[in-house]
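Chain nomenclature is as follows: A, B, C, D, E, F, G, H, I, J, K and L, assigned in order of appearance, with residue numbering initiated at 1 for each chain independently.
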Amino acid sequence: MSDQVYKKIELTGTSEKSLEDAISGAVEMAADTIRNMRWFEVVETRGRIVDGKVAQWQVTLKIGFALEQQ
Amino acid sequence: MSDQVYKKIELTGTSEKSLEDAISGAVEMAADTIRNMRWFEVVETRGRIVDGKVAQWQVTLKIGFALEQQ
Amino acid sequence: MSDQVYKKIELTGTSEKSLEDAISGAVEMAADTIRNMRWFEVVETRGRIVDGKVAQWQVTLKIGFALEQQ
Amino acid sequence: MSDQVYKKIELTGTSEKSLEDAISGAVEMAADTIRNMRWFEVVETRGRIVDGKVAQWQVTLKIGFALEQQ
Amino acid sequence: MSDQVYKKIELTGTSEKSLEDAISGAVEMAADTIRNMRWFEVVETRGRIVDGKVAQWQVTLKIGFALEQQ
Amino acid sequence: MSDQVYKKIELTGTSEKSLEDAISGAVEMAADTIRNMRWFEVVETRGRIVDGKVAQWQVTLKIGFALEQQ
Amino acid sequence: MSDQVYKKIELTGTSEKSLEDAISGAVEMAADTIRNMRWFEVVETRGRIVDGKVAQWQVTLKIGFALEQQ
Amino acid sequence: MSDQVYKKIELTGTSEKSLEDAISGAVEMAADTIRNMRWFEVVETRGRIVDGKVAQWQVTLKIGFALEQQ
Amino acid sequence: MSDQVYKKIELTGTSEKSLEDAISGAVEMAADTIRNMRWFEVVETRGRIVDGKVAQWQVTLKIGFALEQQ
Amino acid sequence: MSDQVYKKIELTGTSEKSLEDAISGAVEMAADTIRNMRWFEVVETRGRIVDGKVAQWQVTLKIGFALEQQ
Amino acid sequence: MSDQVYKKIELTGTSEKSLEDAISGAVEMAADTIRNMRWFEVVETRGRIVDGKVAQWQVTLKIGFALEQQ
Amino acid sequence: MSDQVYKKIELTGTSEKSLEDAISGAVEMAADTIRNMRWFEVVETRGRIVDGKVAQWQVTLKIGFALEQQ
């Protein structure tokens, strides 16, 4: 059985700047330990409010990566 | 019973500029009348189209704030 | 029966720049063939990852437009 | 930041007559205290059964109204 | 343990007249064999189209009724 | 491969009168250009509020129709 | 009120062979006691794993059948 | 076809004491008439409020039981 | 139009003790300012973890209360 | 703006043989009129029951295809 | 990019005693190998029934923990 | 606290042959590194289309396995 199998993990990225930045941060941190990442799917968007202003963007995403045959 | 209780309200922010701006606008307008806001959750993202272009970003979010003991 | 009827189509826009750009691209391409577009609703946000970085933002949206009486 | 912000509240209207009547009743009661209502969205439809017959239509809806700049 | 327990069954009512009529029909037919019905919840609304017109309204609902202690 | 295939389109019907009328209007307008329509499914019910009263019923539905073998 | 009413029951079929077989098994067992079954809807697909292999396919489905006028 | 088939029924248990007690009550009442119950799934948690206090816990659950070959 | 209308608000109760306690705390705090509360519905259950142990139960619920005719 | 845009359509394929066959049939019929199809997503699985047996597998799927720049 | 990133894992805790105990058990077992756990979210509540009584509470939860910069 | 705890991971299996084969492939590859797998749940079914035909079945599933006490 040689068809490709992918694993999906769930991360929450945070950023003071933007939604895209929160996502990119999570993907890039995952890249430290995971190879062959292929796609992500946004699951939830939240944020922290401090003193009546948005202080942090929080995006939860699933990241899919190809498992390597052993 | 002294555990903290939070209330959540639902707002739709709009902006001609960006999704983040629509969210920030809703949070900042809420800050005029609500204290102790802590977090928001995005529930829906929509927009208005005029003359074949995106004319307005509309983001519906829930905002959670701490109720003050009376 | 003269009440307005709207049709909704589903598109996926892509962009290397931002979520807003992916949405705008889909709306503007649809404008080539569809008149009277009024609103969009975001259904799903995904993206492609290449070499451990976000390489493409992908936003699936529904676009509503007014049907013309025949 | 002068873009319009909307608030959404959730009401359950009831009627012995019809689904439309339950919705209208909730909207009209809200009109006693809320200005600038623009739209509603049905969230849930239920009802009470008495003696083997539908005795009450219950429709839960969200109502969106424009917040006024202060 | 004497607290009340309710059972819920799922029915689809149909009618050529209206949504309310489809619901009432299902409730009244259930009344032939079930006692102590208390409430219903609409789960799905569909219909049949014949010759370009709505020919039948179909509403799927759950009906809750009190179980009798044995 | 001669098994029947159906296509589903998504429309939003509107009416000042009732929910059923909004659905019927969408189905009948679709009948101008589409043959072999068989069923519809309600996806969303909304409405417009003007001067504190329901001014328009809006029902989004999917319509399924049989594709003709070419 | 003579419009047809349908009842829906929920079953989980199991099979060592395939998803279709798990569904067919549930339908055929239901046929022992229920007449006038018309359609099914798949609600959930699961399975049991034994010794690192799929050992059983489990499909939960709703079955709709016509109630007979009494 | 000898693979096991399960049926699922939906009950709402109530209790003045706790969520667990509402669930147990429903399961134990079902045991009066149903054999071979194997598992339950919580679908909804609600409750009644009287005089500003929780007066009743209400838990809706699905119960799965093995059907016996005839 | 004299049919009863209910309003629903969304609160998050917290407790160090139990899920029921988090719900009761939210209901009882709401009772300080809201009359005629009738029911609640649990929407989400979360919690805080400190030093590898559950430190706080957090339950988000909707509370329905009867609006008084003006 | 030259980023790729995709359109998604919704079809229901049917087959007397298997779930895979119902999907393949819908994809292949779509191929008669649509170019550049890239992926599908299963949205719903249903079927027809005749004489106590599964008589038809019905799978509703969304098909995504690349729009060509004009 | 120094913004905090969180990872979420999914566990199912079981207990013969209570829902809270099933959750606590999962959190505490996770603490053996995971540092910096911050929150959990309940995704599903089920249980096993033996001899007509609830024999085991099963709660599936997601646990979020802070990833450490490398 | 000796009650069993399970972990769930999310995989996407692919196959040119069938849905069952895509699931089995994911389960069997997971068996290379994970012991005590007990069940799977299908979360999403998709596929790739090449030259107007289904070229690959893709099934995303969650796999539950028992954690071993340390």
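One rule holds in what follows: contacts are C-beta pairs under 8 Å (C-beta built on N, C-alpha and C of every residue); 3 or more make two chains touch, one makes a residue touch a chain.
Keep in mind that this is a model prediction, so the values were computed, not measured.
Trainee: Which contact partners do chain A and chain D have in common?
Mentor: A chain counts here if it touches both chain A and chain D, which gives B.
Trainee: Just how many steps, at minimum, does a route from chain B to chain H need if it may pass only between touching chains?
Mentor: The fewest steps needed to get from chain B to chain H is 2.
Trainee: Between the options A-C, D-E or B-I, which interface matches B-D on more than half of its contact pairs by residue number?
Mentor: The B-D interface is reproduced by B-I.
Trainee: Taking each chain's centre as the mean of its CA atoms, which one is most distant from chain L?
Mentor: Of all chains, D has its centre farthest from that of chain L.
Trainee: Farthest chain from chain I, going by the mean of C-alpha atoms per chain?
Mentor: J
Trainee: Just give me the whole-number Å value for how far the CA centre of chain F lies from that of chain G.
Mentor: Chain F and chain G have C-alpha centres separated by 30 Å.
Trainee: Roughly how far is chain A from chain K, centre to centre by C-alpha average, rounded to an integer in Å?
Mentor: Taking the average C-alpha coordinate of chain A and of chain K, the gap between them is 21 Å.
Trainee: Distance from the CA centroid of chain E to that of chain F, rounded to the nearest Å?
Mentor: About 23 Å separates the centre of chain E from that of chain F.
Trainee: Mind checking the centre-to-centre distance between chain I and chain J? Centres are C-alpha means, answer in whole Å.
Mentor: A distance of 44 Å separates the two centres.
Trainee: Which chain I residues touch at least two other chains?
Mentor: 9-10, 19, 24, 28, 30
Trainee: Among the chains present, which pairs are found to touch?
Mentor: A-B, A-C, A-K, A-L, B-C, B-D, B-I, C-F, C-J, D-E, D-F, D-I, E-F, E-G, E-H, F-J, G-H, G-J, G-L, H-I, H-K, I-K, J-L, K-L
Trainee: Under the touch definition given earlier, write down the residues of chain C that touch chain B in their complex.
Mentor: Touching chain B from chain C are residues 19-20, 23-24, 27-28, 30-31, 37-42, 63.
Trainee: Any idea which chain H residues touch chain E in the complex?
Mentor: Contact set of chain H toward chain E: 9-16, 21-22, 24-26, 28-30, 32-33, 56, 60.
Trainee: Within the complex, which stretch of chain E touches chain F?
Mentor: 18-19, 44-49, 52-54, 57
Trainee: Using the touch definition up top, name the residues of chain I that touch chain D in the complex.
Mentor: 1, 3-10, 62, 64, 67, 69-70
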